[in-house]
Every structure is written in structure tokens, then in C-alpha cells.
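Before we start, here is the structure in question, set down as C-alpha cells.
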Amino acid sequence: MKKLRIGIIGVGGIAQSRHIPAFLQLRDVCEITALSDVNIERARETAEKYNIPHVFEEYKELFSEVDAVCICTPNKFHADITVAAFEDGIHVLCEKPMALSAEECEAMIAASKKADKVLAIAYHYRFMKEAQAAKKAMEEVGTPLVVRVQGLRRRKVPGWGVFTNKDLQGGGSLIDYGCHLLDLALWLIGNPKHIAVSGTMYNTLSKMPNQVNQWGTFNHETFNVDDHVTAYVKFENGASMLFETSWAANIKVDQEHLSISGVDGGLSVFPFEFYTTKNGMLLNSQAAWLPGEENQGLPQAKNFIHACLGVEELIVKPEEALQVSQIIDCIYESGGTSI
Amino acid sequence: MKKLRIGIIGVGGIAQSRHIPAFLQLRDVCEITALSDVNIERARETAEKYNIPHVFEEYKELFSEVDAVCICTPNKFHADITVAAFEDGIHVLCEKPMALSAEECEAMIAASKKADKVLAIAYHYRFMKEAQAAKKAMEEVGTPLVVRVQGLRRRKVPGWGVFTNKDLQGGGSLIDYGCHLLDLALWLIGNPKHIAVSGTMYNTLSKMPNQVNQWGTFNHETFNVDDHVTAYVKFENGASMLFETSWAANIKVDQEHLSISGVDGGLSVFPFEFYTTKNGMLLNSQAAWLPGEENQGLPQAKNFIHACLGVEELIVKPEEALQVSQIIDCIYESGGTSI
Amino acid sequence: MKKLRIGIIGVGGIAQSRHIPAFLQLRDVCEITALSDVNIERARETAEKYNIPHVFEEYKELFSEVDAVCICTPNKFHADITVAAFEDGIHVLCEKPMALSAEECEAMIAASKKADKVLAIAYHYRFMKEAQAAKKAMEEVGTPLVVRVQGLRRRKVPGWGVFTNKDLQGGGSLIDYGCHLLDLALWLIGNPKHIAVSGTMYNTLSKMPNQVNQWGTFNHETFNVDDHVTAYVKFENGASMLFETSWAANIKVDQEHLSISGVDGGLSVFPFEFYTTKNGMLLNSQAAWLPGEENQGLPQAKNFIHACLGVEELIVKPEEALQVSQIIDCIYESGGTSI
Amino acid sequence: MKKLRIGIIGVGGIAQSRHIPAFLQLRDVCEITALSDVNIERARETAEKYNIPHVFEEYKELFSEVDAVCICTPNKFHADITVAAFEDGIHVLCEKPMALSAEECEAMIAASKKADKVLAIAYHYRFMKEAQAAKKAMEEVGTPLVVRVQGLRRRKVPGWGVFTNKDLQGGGSLIDYGCHLLDLALWLIGNPKHIAVSGTMYNTLSKMPNQVNQWGTFNHETFNVDDHVTAYVKFENGASMLFETSWAANIKVDQEHLSISGVDGGLSVFPFEFYTTKNGMLLNSQAAWLPGEENQGLPQAKNFIHACLGVEELIVKPEEALQVSQIIDCIYESGGTSI
Amino acid sequence: MKKLRIGIIGVGGIAQSRHIPAFLQLRDVCEITALSDVNIERARETAEKYNIPHVFEEYKELFSEVDAVCICTPNKFHADITVAAFEDGIHVLCEKPMALSAEECEAMIAASKKADKVLAIAYHYRFMKEAQAAKKAMEEVGTPLVVRVQGLRRRKVPGWGVFTNKDLQGGGSLIDYGCHLLDLALWLIGNPKHIAVSGTMYNTLSKMPNQVNQWGTFNHETFNVDDHVTAYVKFENGASMLFETSWAANIKVDQEHLSISGVDGGLSVFPFEFYTTKNGMLLNSQAAWLPGEENQGLPQAKNFIHACLGVEELIVKPEEALQVSQIIDCIYESGGTSI
Amino acid sequence: MKKLRIGIIGVGGIAQSRHIPAFLQLRDVCEITALSDVNIERARETAEKYNIPHVFEEYKELFSEVDAVCICTPNKFHADITVAAFEDGIHVLCEKPMALSAEECEAMIAASKKADKVLAIAYHYRFMKEAQAAKKAMEEVGTPLVVRVQGLRRRKVPGWGVFTNKDLQGGGSLIDYGCHLLDLALWLIGNPKHIAVSGTMYNTLSKMPNQVNQWGTFNHETFNVDDHVTAYVKFENGASMLFETSWAANIKVDQEHLSISGVDGGLSVFPFEFYTTKNGMLLNSQAAWLPGEENQGLPQAKNFIHACLGVEELIVKPEEALQVSQIIDCIYESGGTSI
């Protein structure tokens, strides 16, 4: 079987730490043939390090050397590059969030369908062992009623990269961090249609001078994204979601929490455990051992390639990632008064 | 000083376990002079046990023997009895929730004002040591941003009393249990005006046959109240509240949780602790010792009597209890589709 | 329905603490009408305390006043009294162990069958919540392979009663304490036929002068029972059991442990938990809440009475108690060289 | 002093990870001069890596270059190679188990005696700090009564090597893993003569298809060794041993446990602690610090070399290792019906 | 044997809670025949409650009815009453501290010797199980080097009794509370001669208005005793002691700590444990079970009576209690500048 | 700005592990230009490793190449080298303790003043995050009353270097290890004048043959320093200090403890926490996160350089280090009788 030729667009942190190592481990089915980056120096160094033949400054030049691309640019460029790739008949694995808005996401999906090529979004939390286990354990939970999501960090605004730049990223803690947990929660409950979304955004803390921040420093004057978001979502199937995410919350300790209470039982994802009734007893169960990989990059890359090769169903479908973006849009709209 | 003459209307569980013992402990300032109960036998036994002179079947007959009443009937009767008491110039300590609806609450307040008598509502959580400490610690929190409330029990629908009867109680887990935490949360953040309320009610679990319940059994066929409620509230001052309460949730373990993240710090009420920044450090603080009483009935009764005697400000003001009922009304309305 | 008339034979500790209170709680279906004890004074005091009409020194005189007896004498008398009771057409609940030997047990069963009356043995561990839960959880375990039993106390030879008297009790730690766990283990795995038993008895420690004992003092010179026993049992269905019990072991801390590993899963009784595989995961589960009574005396008495009344199957069947005694006999025989 | 010339026969995992590094650390008293392996490639790579002068495919050719050999082949070849080495006047450190059967072990001992050369068996658990401490602490335990051994893994059948091949290894979990704990237990109690052995072998779990296994995969159809063994051993001195080992038990968590209760006290090896009585008190003692090496390979190699040089007594004597094999033979025989 | 006739002088808290119950339990060897108290009402009620024949307002009148007295008055009266009792040939058990000063103590001892009657001081900490165990464990410690004593309470000045009255008590936290630990420490190391004492006294905290106190309230203006004391003592045998006691320290949590490091090992009394070296190992040992009584009053009374009867040596000798007072005198002198 | 030229005198452990790496990290403000060591070989290897241009055997030759020196020799040489450096107009960072005696320290300070150059002492504990936090938290403590210092190791006499050589080091556990905690304690309470010092020195344990030592072996016959010291210090401001340090104490586990109780609150440094009263509550607070560096070498070097450059105040002032040496002198004098 011919190996899939992969191109990486944008060779910053996420490409270096997750995607490139994963594709390299899958040498039997793929090959990284090209890189591109607006910072051509960084691209060249990376190519040299991993012995990758082609390097470009302009991403479009890379298309001729690849069958599939992995897009690792700032969020602002996700949609344009994706659409361009499909126009050249190239499969796409795009970093999360899918794009700056649901509208852009829809354009991406349309292009994917027209090209009949795979469009995967790198919501890698889905590939955590706990997440895979939780998906299976939904059979113990039954119809979901209440979903609780907390992705909270205490005073940890990222002091590097473009994270606090709204123009490039489209938002802050919600679009960058909370989106993972939102996606995971939606997937676990089967992506039911959302019928009402209400939210509130905050950035009071990050606009204050002289603040304590654990993750380096940033310019509080130019800070223009959300650092804390709460939201409430109602779904067509009767479920409701209590959602909170933050980079900078005044809390005791960081929280990464996703739990669901359903008609038959309940579960928590981190740590993975579930709660059931049986023979008149109330039971709590945890995993003593879970199958799967520690590093989510590998199964994510494998699923993408297998989907491109037509031998496996895509795990993170673009329509699901679209719903994440739709809800984020709603929250940013309904919660806009606070910033 | 003449002692305040107290009458107890309704001598069920809450009267026996909390109010009567508290008033008896305060013999230097008050005296229980009369009891009434539609179950006249129970009233007579109680009077004998505590050596209380007057017993009545009809509550209105009691008014001539007392300066103040403590109303411990099913929720449905709170408003009528309160208004009647004020018409006779009698102070009122009314059990929570204040009444079946905000409309009833408003009538009670109007009557109180007209009579110029004290109207207190028995939201006794306010008198917990942790709650008093948290109120003081709000100065460390500063302007509140996010309020999280969880009053969750796992499979513990009350299998006794009238708790599952909507006609008498006006609702289930929210109006009976969640109201305490809602009241406490509102008080801690200063009862800002609520500008949006969205909620969902559930009773799927309690309508199922053959369920596991830790607190006795009840008729799942006639069950017609909420056993689980989620809600989201936005306030005029920019704060938002994520709220959940339940009698029957499929969760790991019961949760009673109230935490607030504000501009300057955060706090949790159960257990009491707070989170601040100082001199560039992030600090967590807990109480090694808190002043106050273990049993909230005593300071509650003391505050009521002192308010009647005009020597202390009322801690649970009727306008605050009204807001609790307003928000409960909103939740029951917005969340009505699920039951 | 006529109430079952109960007689208690022997009113020592176990009668006072477990059986009499249990029968008194079940007034709607039974009545204690008579007591007997060789210590007639103790019998009279007990009768007075509980308002029981008839008292006898000689147990046979009691038979005319009762429908059922509960035998609480030293082990030596279990068989004779049981057989005599059946000859008078009286149901029997006999304390554990069933008798001094399997031979005696068989005579008891034969008499029960001839009289067509109920014979129950008070292996009350069966009525613990954890035991009932474990019995149900055997469906998760599947075919049992290995059974581990440890009933070990550190330096706690009973310094009271007749426990160290072989003539009256037939043995020591095994027949008095270990028998409970042995019975429970056999029941959980379905009382398969035992095909080989090997054991060792010890009493070296209790024969030593100047020893440390947590439970009072006893005469080490007349001590003539086992204080520590190990055994190994093989069963027809392929299962094997590693068994140990002691009153006086030199161990870190007391151990009461019963676990089973089977083809599909494993379980532990104390605390109750089980171990399974599902969807490729290894799971551990515990009870968050178990139905049942804290005090095993009550469900034990209830089951006995209901069996006498013909409305419920006996939980501890005499044939099962016989197997316990058979295995004890084998251990005492095979392990005899050490004492 | 001339350095002892060492040859390694079989350069697989155990040679690479334990023996070769240990001998290399002891450069002042020995030198690895030769390697042999049927996989000559692997032998050559290893020699190159460690700069070892001689490499052979056939082990006998190696004899001329060495004074002592370390045998790291599959169990099947232990006896023949050992006997051959002695015939050439060469000392032997042989991996555990000593051989496939007690009969083979006896031949090895006879050859050792005839050659008057050292025969050591690599039961390296003996060299753990906890094991050395426990050996000393036997003076606190006094005459041993009960020995408990558990070497249990949950679903961890080795999915590599020849472990599941009965022809090459002679057995499974018992001969490969349980033998260590059995040897250690026998040594601690002074290798008393065993007078009765009863056991049961299982391999039901590992013969099932679609099982969960934490340590890779193996062919369940060809699996023909034990994966779980229980046994009971009686000794001439009155002690008895409860023994269990497994690769695949359905248990909560892996167990490696060895405890002994004796006449004067008790001890546990993992973690090391002991239990005594003194001045009327019951005491528990643990090590705050133990002398010795983390890695057992080093003291094992040192003891072997020193024994060869005649300056130290051998710690693992071949007669002791023979007893391990004798008991394993007995268990496999008595427990044979279950597989 | 004639029973010892006991008189109680002063029937306040310590008499009621510790001494009277203890003597009552020892009916076979003693009898409380008389009580006296300046508060004659309290004495009469007590006599009635325990059926004690004689009651006096003036303690001297009591002497004719007793063989021994137990002195439970404020510290100021210990010496005078003791001397008077000896003049009448009566044995004395005197509450701690022995007296207000070493000089008074010496007079008491002289009177005791002259009368040839027993003088015991109620340093009841000596009779704690941990203290008795520690005394035995001094054989593991060997020659003592360093003694550390901490008896610290956080903000717990006694808000009742005469504890804060220097005239009646002679001091505060040191003479009332720290004296117990000082006595215990001295006894454990064999009451070696002290050759240097340096100390510091504080009462800054208790002189402040509006302070937080967990044990009721007291008048900070009249407070004139020490609430915190540090000291350092050197002994003739080379040992040194670091000492601290307080009623009101600003610390995390109350501390009651006494540890000793010696030449052979170390120990801690609360909880009891000891630290030794053996066979090259460093060992920590704790008690799994200690012999003795939970309530120290009983063995204290028993030892006193047995000493009066001449059948047992006194455990708390007056010369030892004298040393405690000598050191307290030194500390109050050397540390006097701070108050 | 010209970079400060640094010379390192003595390139043993502390230079290699702490000072050289720190100066190398601060390349923008300094440059290591020269090394000297009596072991010229070691100096040359180090210079080569770090690419340092000048190497000398004699420290004085180095002065011409540097602006500042870091002195890492045995304690005996600190004073002479420091004075010599100042005579050449060179800044000095000298390892702790400052010198062998207070007299030497005074000479160093005089020389520093005369040269008008910086003299810093490497009491690096001051630069720990916890120490910096504690210094700030002294505002919560208020006027200090009691200071407790414990720097205790269990059987860990350094078995390497010159630590047990009195001639070179001037003492043992106190001057080598305890000095850090003493310095830190003094600094935290504001270096008040000490008005009385009493102490005791021990070395009994380290003089014994066949002892257990966790940190290698040493010659117990030539051992001539203290291995355990206790002391008590009174200060002009009324504070008192209980001090203990050891290399070899018979204790349960190593202790590094510094706590202070003051008028307003208390604190502990390891771990950092503080204890206050507020609003009638007793509070305990800990750091959730502290600013600063894990490695104290870096901020220490930075502060020294910045002080040399005149842009920052010195954190460890020589007068403070002098007080440490004064108190050490007092302890060695007052405690001298024990060794």
C-alpha cells in the first residue's frame, strides 16, 4: 500500500510536540513530505531535524507534495487554508477550534463534501483513555440529564504565543481551552441539538495591573479576550449543561472536570469512574486499568490516516466540531456585555 | 423586661427538633405560651411534654395568647397564616420557603409593613458558622463574578411527610432543599438584582418503578414534584450563578457546595476556606476555629426575638427571602417543559 | 394469624445481645413465651426484665409452652436438645457451630426431617449486608477458582466464658470463630462438595506462661483447644480454598478477610467490592450504599420465623451447616499432630 | 589476585539487565571474557557493546575462556549446561528455577560436588534489602508457625519471550514467578523438611479468547502452562504454608506478600516490618532505613564471585534451590487435574 | 484488712471528675468517709450524691474521720493543709503543683518524714499508658541527651475557675499545665540534678483587649499570670531540655509533645513510639496495644492506697515533685522580666 | 554596561553545583574570568569544562583578572582570603559560615568598609521561596515572641569532605548546617540583639564504633566536632529562641523546622504557612503558589552582582552573618563541657 504523504502547515508548539512525532511513529502508513511556515527559518530547522524533504514559506506551494495536511496555524487561518486544501483535493486534519466562527466551519464542511475528502478536527481530548472509556460507559448512564463541565485554571493566563490576541485567535479561555471539554461533553451525550444557550464572559482580572500570574507575563492593557466564561445550554433531548472555563479564576486549585448524571447512572471522566444501581445496591466503579495510549497524538493521527485510507470511521467528525463552534458563538454573543 | 410570648403553629418535625428547643433555651427573653396544630392530639402531647399552657386546633385562636408566632405548617399555608397574624399585630417567624410564590411573599411583606411587625424567614443555613464566616470573608473576594451552587443528594427522596406533594409544598427538591443554598448564595453576594434566569426541572428518576432510594419509599406514581433542577442566573452587577440541586441524582456522593470567585479572591462555604493573592503569592486559608453555635436554631431564634424587641437587625430579611422565591418561580417557569 | 411461640434455651450473652432483642422486635409474628437455663437465677432475671411468662431450669419442661426454640447453650448440648425438640414437634434455631461433630449434625438433620420441622443454624454472618451483596455479586465472579479466608485476631483469646474448654466447646478458634467465615465462603461458592482437606492446628502461644492477651486472662495450663488453624480445601468443581483463623496470631492487626477469584471476576466481602472486566477495561466496584439491616439478628430471626410459617425459604440450611462441621472435623483430624 | 574470568551463556533480557551490568561493576575481582548464544547475532552485538573478547554460538566452546559461567538460557537447558560446565571444572551461577525437575537438580548438585566447584542459583529476591532484613528479624519471630505467600498479578500474562511454552519452561506462573517467593519463604524459616504438599493449578482464564491482558498479547490456544496456582505445605517442624501465585488473577490489585507468624512474633517482608511483644506491650516495628543495594544483581554477583574465590559462604545454596524444585514438582503433580 | 478511710478536701472539678470516682471504684481497699469545702453547700450536695457520712466546712475537723486525705484546693493552700494533716498522722495525696514554691514543698516533705506518712502528688500524666510505656522504653534510649517538651494550646486561656489569679495559683500556663509535662520528662530521664535553668515568660497576648479565645472569656485587665513560657535546662548528666508551654500561643494546632534522643535510641510519648538501631537497620516502633487504664485517676488512687498500706512503692515521689517546683521557681525567676 | 568579572576561589562541590552554574546563567551582567584551587588539576578541568580563561593554584594571582570573587574554600581560609581581596579592591561573596569566629568576621567587615566593596555571605536559605514568603508574612506575625528552630538529621554524618575536621571547619553540625537555620531565624525576626545564649554540644554518638550512618563512613576515632547541639537564646526585644541542630540524632525522621509565634500571629517556614486571627476566627493559610526560583543559587548570585553594581540592596548583610557567628561562638563556649 502506498503511504499517505503528509504536509504540516505551521510548525509551532503543537506541531512539534504532538503531530510530527505522531506521524513519524506511523511510518508504515504515512510519511511527512513537506512543511510550511511563515517563519521559514523555523520550518527549515524542523525539516532538517526530522529529515523532511520539502519546505515552503507559502502553504499553497506545499499542496503539490502531499495527500493530506495538518493545519497548525493561528485560528484565524484555519478556514482559508482548509478550503484551499480541499480545492486541491487534499485531506485535512485541522487544529482546534475548527475556525473563528460557525459560519467559517460550515464553509469548510461544504468544501470537504465537494472535494469528497476527509476533514478532521484535532479535538485530541477525545483520544484520552478516560474519554474513550467514558464513551463506552455512557451505556451505564442511559439518557443524559445533567452535564457539568469545569475547565478552570487559577491565575494561569498563557504568557507566550498569540493566546491573548482576539484578532488571531477569536477569543480566549473559551475558544482555546474550554472548547476541548465542550466538545468532549457534547460527544459523550451524542451531540443532541442545542435549543438554548446563555453565557457570561469576563476579563476583569486580566485587565488589572500588577496581577499574580503563574504562567509568565502578558500585557494587561492590550488583553482583549475572555479569561473566564460561564454558560448554560439546554438540549432538545431534555439534557442541560452547566459550563465554566477559565484561565485566571480565583479558585483553590485547577479543576478539569466533566460529569454526567443520567437516567440509569452517572459518570465522571477525570478521573474515570461511574455510578450505577444494581440488585438494590448503589455502586461506584473505577478503572483499575484502561486500554489505550498515554499520548493522544498517536491515536488521533492513526484515526485520521485510516479515515483518509477509507478503512476506519472518523472519530471527530466536522459536524460535531461545528456544533462546538456554534455554541461558542452563542456564548460569545449572549455573554458579550461583560467584557 | 417582659418576656416575649411565643406561639408555635404546626408542631411537626421542624418545630420539635429546631424551634421549640431553641425558644426553651432562651427563657430569659421569651416563653412559649401556646401551640396549635390541625392534629390536636400531637399538639396536646407536645404541650404536656414541654409544659406549655395553651393548645388549639385552630391557629387563629392562639393569637390572643402570644406576641409572636413561629409558623411550621406545610408551605401552602405560610402566606395566609402570616397575613392573619399581622392583622392581629403579631410578629412572625415563618419556615422556609417563604411561600408558594413570589406573589404570596409580596402580600406577606405588605402585611408586615402595614402592621409594623417583624417578618423573619427561617433560612437557617445563614446561621451556620461557615455561613457567617463566609459573609465576613466576602471582603477578601471583592466584587463577585461566578457563583457555583450544588445541593445534591444521591437517591434520597424523602419517604415521609408531604415532601412529594406539589399541592401542599409547591415543588420538590428546589423549593424544599435547594432554596437554602440559593438564599445563602444570594445573601453572600449582596442580593444583587437578577436580570435573567434559565432552568430545567427533572423528575424522570422518581417516576420510575423499582428504584433504589436511601431514604425510605414513596409512591412513584403520584410523585409530581421536581427531583433535580439545574439553573443559570445572571445578575445586574455582572455576576452569574451556576445552580444545581437534587434529591435523587446519579452521582458519586452527596454534594453540598457553594463557592464564589470574585475579582480579589474566592471562597468556599463548605468547608469554609478562601483563596487570595498577597505579596505576589497565591494563598489558601481555612478556619482553625470559628466562633458561633453548632445548632443554628438558637442564633436564629435569638435574632428573631431581638428583632422583635428592637435591639438587633434582622439577619434574614423578608425582601431577601422574596428574591429567593422570585428566582424559584422563574426556574419553575423556564424549566417547566421537562416534567 | 397466630403468633409463633418462641422458647430460648440458655440465656447467656448471645441470647441477651442478639436473639431476644430480635424476637422482641418481631412482635407482630412471634412471642417469647418461655426461657430455660441451668442457671435458673439468670433465667428468672431475664424473664422479669423482658416480661416473659414461663421460666424453667430444665429445658425439656419448656417444650410444652413453645412452637420453636432458639438454642444458646455450650456447643456440647446442641445436638441432644435439638433432637429432643424435634421429638416434641418443635422448630429449632440452633446457635453455631451446629454441633461438636458432623455425626451429631447428621442426627440433627435426620430428626428434623422425621419431625418435618425447621432446623436453622445461626451462622449470622450470612445476614450481614456485605454478605448478601457478595452473594448477589457472585454473578460477576462466575465459576469460582480460588477462595481466600482469613479470620485472624492478634492476641485476643477470650478470657471469659467456656471458650477455652474443649469438652464443652469441641475446639477453639476454628469451631468458635473461623466457622463463620468458612460457612460464608462455602455458601458464596454454592457449597460444592469438598474432595480433600488438609490442615494444621496450633496452640503453642496460648500454652505459654506470661503472655500478652488483649481480651482478659485465662489459665494457660488448662488451655486445651486450638488458638490458630490453617487449612487447604479442594472442591469437586475445581475450586481451592486457603483458610486461616486464629485468636492469638502474631500479626500486625486483626484481619477479617474473604475474597474469591473466579473465571469472570473477583470479589472481596469485607469491605464489599468486586473486580471485573468490561469493554477491554479492568474495573473495580464498591458499594456506595447497601440495603439491609446493621444488626444481623433481626433478619436472621425473621427468616427463621418465616420459614417456620412456611412463607420463606430458609437462608442457612442445615445441610450447609453440616458441611461446615464436616470440614472442621477433617481439619481437626488432619491437623491433630500439632497440639 | 587474578580476576575470575566469567562467561555468559544466553544473552537475553536477564543477562542484559541484571548479570552483565553487575559483573561489569565488579571489575576489580572479575572480567567477562566470553559470551555464547544460539542467536549468534545477538551475542555479537552484546560483545561489541560491552567490549567482550570472545563470542560463541555453541556454549561448550566458551568453557576454555572462563573460570565461571552464568547460565541465562530457557529453563530446559539449565541442567545439561551446568553438568557440562562442571565436567570442565567451571563454577556455575544458574538462573532460576534451578531446572525443570528435582531430578535434574540432583544431578546438578552431584556434578558440582564431584567437580568441587561452586553451584549458585539466581534466586535474586534473597538479595533484596527487605529480604536480608527479614532474615535477621527471624530472631524476633522465633519458631515459625504459619507462612503466607502471595505473588499475584492481575491479568498480566507475559506477552513476550517463551514464558507460555511448557516444553521450554516446564511450567508457568509457579515455576517462573512464584518460585522466587517460595524460595524466599523457605530460606526465612530455615528450609525445614516438607512433609506434605497439596496444590491446585489453573489456566482457565488464559485459555479463553478475547481476554483483557495488561502485558501484551499471547496465543490463548497454544497456552499450555499454569496461570494461577494455590498450594499448602506442611513442614517437619510443625510450620504450615499457605501459598498462591498467579499471572492472571481476578483480584483488585497486584499482591506481593510474604508474612510469617511465629511463636515470639511475626513479620512481613514487603514492606519489611515485624510484630513483637515486650514489657506487656504489642509492638509494630518498621525500617526507617535499611542497609544494602537497590539492585539485587550486584550483591548476587559479588556473593557468587566471593564464593568461587573461597572467601564467602554462598547465600543461595543449591540444596535450598533443590527444595524449591521438589515442592514445585509436588504441586504440579498434586494439582495436575485442574489443567 | 481494714479499709483506708479517705477524706477529700475541696470538692471542685478535679475531685468530682477524677479522685472521688477513683476511690469509689476501689471499695475493697478504701472508703470515702468525709468531705470538706469552704463552700459547705457544694460539699453537702456531693456527700449526698455519693452517700458520704461526714461533711465539714473547716478542713481540720475532717481529720478525725480519716486515715488519708486528698487535697483538691487552690494551689495556695496545698502546703498548709498538707503540714496540718501530717501533724495529725494522716497520709496525703495532694493535687499538682505540689505548692506555690520549692520552699513550701520542702516543708511538706519534712512534715511527711517526721510523721512517717505517705506524701503523694497527683501528677497523673505519669499514669497514662503512653507514659508507663515510655518509662519502660527508656532502656531502648540509653543515656538521654536531648529532651524536647511542648505543651501548647492555641488561644485557650481557661475562662473559668481561678486559673488566671496569681495570688491563688502562683502562676499560669507553666504551673498549671506545663508542670505535668515537665514532671513526666524529668521522671523519664531519671530526675538527674539540674545545673542551669534559663527561661522567659510572656503574657502579652492575654493582656490585649478583644482577643479571640476558644475556652470562654476572662478579664484581660486583671490577668496577671504567664500565658506562654519557654525554658532551657541543663542537667548534671549532660542532658539538656528544650521546654515550651502555653495557653494562648499563635500556632497552627495544639501540641502535646515529649521526645527524647539518647545515646542508643529515641522515643516520643504522644503518640508512644521509639527509634532504634539494630543489625545495621534504623527501626521505628509503635505500640499496637498497650496495657493499662484509659483513666489515670484509678491507677493513681490505687498506687496511693497501696503505698499507704505499705504494699507498693509510690510512683510519684515528693522529692520528684519538689524538683518540678524548683525548676518552675527558676524559670519564673529567670524569665521574670518579660511580664 | 561592562560585565562584572568573577573569580571563583576553590572549585569543590559547592562551587560546581551552585555558584558556577548561577554565574553562567547571568551572562548578560557577569563573566567568570578566573578560577583558583590548591588542587590545580581540579581547577584546570573545571576551567576547560566551562571555558574559563584563567586558572591559578594560588588565589592571590587571580585578583588581577577579576572584579569580584566567590570564596568556596574550607571555613578556615574565609577570613584571610576575604581581607586580601578587599585589599585589592575586589568584591567578595563568601561561603557560609562567614568565618571560624566572630573576631574574624569583624576583621572582614572592617576590611570591606575600608575598601568600600561589597561583602556578601552565602546563606542561601534566605533565597528559598519559602524564606522570602516568610519574611513578607512577618507582618502577620507582629512582634515575635518565641522562635523554634530544628535542623535535625537522623544518623547522617557526612562521610566525605572535611566536615568532621575541626581544624579546617571550626565545628560540626552547628557551624556547617545549623548556621543556615539560625541565620534565617534571626533575619526573620529582624536581627534583634541577643542578650543571653546557653547551649550544649554533643558528639557521643559519632565517637562510638560500629554505628549506623546513612551518609557513608567516617573515622569515629578522629571525629572531633559536634554532631548535635541544643541552645537557647534571649533577645533584647523579649523574644526567645529554642534551637536544635544535629547530623546524627536518634529521631524518627529528619526535621527541618522553623516556626515563630508572635503577638499577632504565627508562621512556619517549611512548609510555608501562617496562623492569624481575623473577624473572631482563627485562620490557617498556606501558599498555593509562590513566586521565585527553585534553585537559590541564581537569585543569590543576582543579588550579589546587583549589589556590586550598586543597583540593589544586599539581602545577606555581613553584620547579620556576624551575629550568626557571635551566637555560634557563644554556644560553643557555653556548651563546651559536653565534648
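So that you can tell them apart, the chains are marked A, B, C, D, E and F in the order they are listed, and the count of residues begins at 1 in each.
Just so it is clear, contacts are C-beta pairs under 8 Å (C-beta built on N, C-alpha and C of every residue); 3 or more make two chains touch, one makes a residue touch a chain.
All figures in this text were calculated on a predicted structure; none of them were measured in a lab.
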Task = Pick same or different for copies chain E and chain F, depending on whether their interface residues overlap by over half.
result = same
Request  = Measure off the straight-line distance from the CA centroid of chain B to the CA centroid of chain E, and report it in whole Å.
outcome  = 50
Rounded Å distance between chain B and chain D, as computed from the means of their C-alpha atoms = 69
Query = Counting only residues that touch at least 2 other chains, which ones in chain C make the list?
reply = 154-155, 212, 214, 252, 275, 280-282, 284, 288-289, 291
Inquiry  = Can you work out from the touch definition every pair of chains that touches here?
reply    = A-B, A-C, A-D, A-F, B-C, B-E, B-F, C-D, C-E, D-E, D-F, E-F
Remark   = chain C contacts chain E in the complex at 154-155, 212, 214, 252-253
Remark   = Within their complex, chain E touches chain F through residues 141, 143, 145-146, 148, 154-155, 196, 198, 200, 202, 204-205, 208, 211-212, 214, 228, 230-232, 234, 238, 240, 242-244, 246, 249-252, 259, 261-266, 268, 273, 275-277, 280-282, 284, 338
Note = Counting only contacts in the complex, chain A reaches chain C at residues 133, 136-137, 275, 279-291
Task = Can you check the complex and tell me which residues of chain C touch chain B?
result = 288-289, 291
